[in-house]
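Below: a set of structures, written as structure tokens.
Note that chain A is present in both complexes that follow, paired respectively with chain B and with chain C.
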Partner chain A sequence: MTKFKPLVEYQANKGLYELLPFKFEPLSEDDVVITNFVGEFAFISRDELRATVNKNLDPSSKTYSLMRSRHFIRELGDEASVELLGLKTRTKYSKLRNFTNLHIFVVTLRCDHSCQYCQVSRQSENRAAFDMTIDMAEKALAIVFRSPNPAIKIEFQGGEPLLNFDLVKHIVLRAKEINETQQRDLQFVITTTLSLVTDDILAFCKSHKIYLSSSLDGPEDLHNHNRPRPGRDSHARFVEGLERARSALGYDAISALMTTSPASLTRVRDIVDEYLKLGFDGIFLRHLSPYGFAIKTKSYGAYNVERWLKFYEEGLDYIIEINKQGVRFTEHFAALMLTKMLTSNDPGFVDLMNPSGAGIGAVVFNYDGDIYASDESRMLREMGDTTFKIGNLNTSSYEDVFTNEALLGPLEDSFTLSAPMCSDCAFEPWCGADPVFHYAMHGDVLGRKPESEFCKRIMGVVKLLLERMRSDPQVKTIFMGWANRC
Partner chain B sequence: MLTLSGRVIRKSEVASDTKEPGLYSLSTNATLPSPLREMKAFLARDSSTAPSGFKRYFALPGASLEGTPPEKITRLGPEFDYFGDGDVVSLSPDGRIRSIFRANSSHNSILLTEQCNHYCLMCSQPPKRVDDSWLLNEAFEAIKMIPRETAEIGFTGGEPTIYEGGFIKLLEHIKNWLPQTSVHVLSNGRTFADEKYAKAYAQVDHPDLMVGIPIYSADASLHDYVVQSKGAFDETVRGVLNLKRYKQRVEIRVVIHKQTCDGLPELASFIARNLLFVDQVALMGLENIGFARANIDTLWVDPIEYKDQLSEAVQILTSYGIRAAVYNHPLCLVNADVFPVYVKSISDWKNEFAKECEPCLRKSECGGFFSSGIRNGYSQSLTPFL
Partner chain C sequence: MKLNLNKEIYSIEATQKAAYRFIDRLTILIEPVGDELVCTIDPVEGHEERLDDHVANFKRELLDQQLRKQIKEETEAVRNLILAYTFSRTGLQG
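Showing the complex of A and B:
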């Protein structure tokens, strides 16, 4: 029998490897996390990092094997690693090819609520001033179906879209009519507080498979405090509407979003409990946006990102505890981040895309016919700034809108792989460009990263997620489940 | 344990002129219409009068075959009592008989060659450097004789793709002759690193074809060591990529032993990150036979010692939506979280139980052991379910 050769015969001699592109970020005095541009990562010590870079890694060490299998280094003759990096890069950016999926129709600015942090809504009976017209809607639909994306999502926003439900109906019927020849994967979502939902509305939603995206800020007192309406009954109306909507449309057809107001900061467990009680299998712990009334009413300034991160950490740990107790419950912001960290997929979340999702991930048709690059862009407009207006339904063609310098300029200037500080950042593969936020805060689309609240928030959340999955294998398992749910 | 290959007692009652190895499709039907008899060999079990007109007669102990021309009779020992209707056997001039296909088994594999460009530490079919391309010719013939309703056939080696175009032709052949039969190929995948070869394989356009390709570790050096071939990992991975580029079905096969068990979770992560599109990942216990016996000190680990790594690997794969399957493990040596992907899998002809298993209540769910394991040593941690 031929002799078998030992393992060492198959290992390279010391120093015979080359570095593949990677970046790193210290986690403590002794430890770093290193990442590559497809978002794979490894925890190593500073000494190991130094050895890697100096080509002193011992080929028989575990670290060497890890660095090679995760494509941070390669040996002479390793072709598969480069091929795989290419494949994963293409996968990561493959959604760009499809272009715009989300089309937001602001069918009215009128609302029955007067939330302190709301960016846009109006208390008004004046339909003419704040409602979208049928003519505008028709023109918007013509643009929607110019998108090359095989999947089209039409989302109705407000104000409270149910206050202009006749237009919602019109748009749904017309879109379906157009789609008979277009054959896209067409989806509808109405963003609504559910306070005005009637059985007729639900019947219409049922027959056209319309999803409802609603708002729940927490237990009754907190929710009603955040979301005042005449009668102070927002929470009760939500609970009642939720029950009816679930019966009519199906349990999973209604989702809820929360916003962290200053009053929420000490209440994260109560908020999560409320979601659990109402039968949700996850929650999106959302920070406030610096737009509209949030700034006007000083809500946004009421807490800084450090305080929000504390709130988030407490919430995340509580949710992890719930999962450990055997109930599958997802924190959706973490799930979005983890999808980027643990898989080669990009969830396509507009705020975390690079290039930015503005315009190419989502586009907004405002009630007055103006077209904006994102929901945040039209909120900025409500503060009197039209920087991100990329067209008007009366005057702009599809080509005008999507080749507008007001869109292309910010996309290019904020591209994270070339943005100063972003391009060096170890977390860049998991992050996104947010030109609208940075413009709103710093006056230009790039922003000043050391001062950026966006940057601090993402860095904080990423470090938290890394730390939790590193120190507890059970958390890693829970996180893998979340990552593959998006 | 069945004897798949052995000597006949007497190849022929009288000296015959047949020198070529011959393939025979067996029939036990004494009333077979005569046009079909010329193509078939009659398998005689008892003393009833043998029907005339068959191409050949195989006589098990107790068969009389009175009146049959003696040069047409081959006498078999009792070890071939399992032969049955529809089986295909090969009889060589020197009196060796081999079972090529067993109609009442769902585990039929056709050996295409014993040549291989790997020399795996645990190879159950140690490679030989001899021209055995007659095996490929035999496979072409056997496929014509295998019943059309056969559910599945495996092609194994050695490395089937060493025939290059010849192997592609065989796939076209089986697609045409056995269009309803699903085909499973065992290959180390390296030949597919040549994109042209992957394309030719894909162009066969077989309706139900899967190739099982081994990746033993995310650590390329360790994989290369296990298969005893430098650069194997890189070529195999590129082979898998090319096959998936042409939308071919690929199963990753991992044999778990002392060299590979610790790396199972990292391998599962590697597959999830890089090869998410594979169709299945099979995690298999070691078969203590062939080279594995020679290298047993290097390879043997009681499965109970890696049960947590196995669980973690399964958990990672299933989290990412990859179909995982655990083969060749006794049920009592895996954690309960593996049960959903546990497969009772050992080929029927080599599955047995240990004496410790006698009182176990879950034997019917258990994959049991390779017969070789019963002979050559097995886990001392068996705990029967009572």
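Showing the complex of A and C:
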């Protein structure tokens, strides 16, 4: 008795098939990329596309097998393909059931830096009026632990959170106390420039397993140009703080983010080299966002999405070369996209979620007690726009906050599967809604996608990733590693 | 410039969707006239010199949109079936 049915059982059934839902996008005059219901993809020619739709695809061809195995077509009796697509869709959206994971506490707006692209208005160091109070923090914690999510991440942001470290300590201790009965998977992160880090702060972070998320814009001259502070020593303080933090907390407990300023555009190799020199195993080549001082100082308008894509392409190609030489180094934005493109998992990155991650993926407790649907929402508030304010800690219950029309309306109105252009786009399964960005740029949460810099940026990055994967199998292997990090 | 499309070949929905994709480069007014859809095409400011390129691409996009419509209509039932599997036993189905 054999374990498997004979080969003939698996062979194509005379080419009689029906289409499963799929979308396509041209890559060139002759080629398209097609994506199925969950974003699994294949490259085929236009002739093959037409043959597929017209039911003329040769059942003995490789393309036929590819289309059948990746759920673009099914033969009579192929029941598994529909069930598998349902299962994968369910997996993809499974994070939604857990609801909010990331809870951001803006413990102060004060900061010792005065970065020209800063997305939140900063105040001078001695303005205690811009600090969150203990009373506000307690009320915020009450909302945090109403989240049904078994994993809770509390992230401290500013300004510079270390300028109100007493409150950070209070929140950590109280959260852990509450969690003795709640038993959540509780994680803490402080977003800090590291310029004010002390041994006492690091000792506290060590005893409570607090991660540090910092900022590094590149080599010393570029970093200090982008991130001015008294003494013009931001980079030196970062390096010194990084060394101390690594020896106190462990090498991997500190991550860094970069922001692409106009001065960065010709320096991507220098920036990547600086990350390598300081021992990081990856970089997030991050574009500027259209909020706060980035708008006021005109930094945001200083380069367009096409220029940023050139910067990104040069950086990505350089990073690929580094990987080919045997050094594992990840570009994190690509890794987020590739996780969506090459696996059934959704990384839960707020900007790339549909429905939008606002409120669902993250919620922000501002220093003054107001509650916002995302970090970008509170950045808008610092520009005087409270459109995405979804409550206040003094007056709103958990139910008030998460059923607020200021949250539910934008989530529904920006849903990409019913948005013009998005609903037909082959890249939609890998994309996100980002209502706050579109509201900031276009005045409505949907925006007009052909004019949207968000759309152009995602389209540009996706096409770049597809092209590199397609033309070089070694790159595909590298990308698979990025998408399946442990 | 004007572009006359045969209604038997190009649906109004596909034409509208194609026009939408060019909203940053072309302003396209669509008017049904008899058996035809008449597209009145003007370049958006700054795109005057590339008008011919954009119109050529718009014509390709019309065909793509027609194909997308065909796939979408043909797969509507199975799409609903997949969604039914996805959300079964979640309490969300009516």
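The definition used in the following text is that the second predicted complex is superposed on the first by the 464 of 486 C-alpha atoms of A that agree within 3 Å, B and C clash if a C-alpha of one lies under 4 Å from a C-alpha of the other, contacts with A are read in each partner's own complex, and residues count from 1 in each chain.
What we mean here is this: contacts are C-beta pairs under 8 Å (C-beta built on N, C-alpha and C of every residue); 3 or more make two chains touch, one makes a residue touch a chain.
Small disclaimer: the values here were computed from a predicted structure and weren't measured.
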{"item": "Partner chain(s) touched by A:Glu83 [first = chain B, second = chain C, both, neither]", "value": "both"}
{"item": "First (chain B), second (chain C), both or neither touched by A:Val327", "value": "neither"}
{"item": "Contacts of A:Leu19 with chain B and chain C, given as first, second, both or neither", "value": "second"}
{"item": "First (chain B), second (chain C), both or neither touched by A:Lys5", "value": "first"}
{"item": "Chain B versus chain C as contact partner of A:Tyr93, first or second or both or neither", "value": "second"}
{"item": "First, second, both or neither for A:Leu49, with chain B first and chain C second", "value": "second"}
{"item": "Larger contact residue set on chain A - chain B or chain C", "value": "B"}
{"item": "Touched partner set for A:Ala129, first chain B, second chain C, both or neither", "value": "neither"}
{"item": "Footprint overlap on chain A, comparing chain B with chain C", "value": "83, 87"}
{"item": "Contact set on chain B toward chain A in their complex", "value": "119, 121, 126, 218-222, 224-225, 228, 230-231, 233-235, 237-238, 241, 259, 266, 270, 272-274, 276, 294-295, 312, 315-316, 319-321"}
{"item": "Residues of chain A defined as touching chain C within the complex", "value": "18-24, 26, 37, 49-50, 53, 82-83, 85-87, 89-90, 93, 420-421, 424, 448, 450-451"}
{"item": "Chain C to chain A touching residues, read off their complex", "value": "17, 20-25, 60, 64-65, 67-68, 70-72, 74-75, 78-79, 81-88"}
{"item": "Complex contact set, residues of chain A against chain B", "value": "1-2, 4-7, 9-12, 40, 59, 65-66, 68-70, 75, 77-80, 83-84, 87-88, 343-344, 473, 477, 480-481, 483-484"}
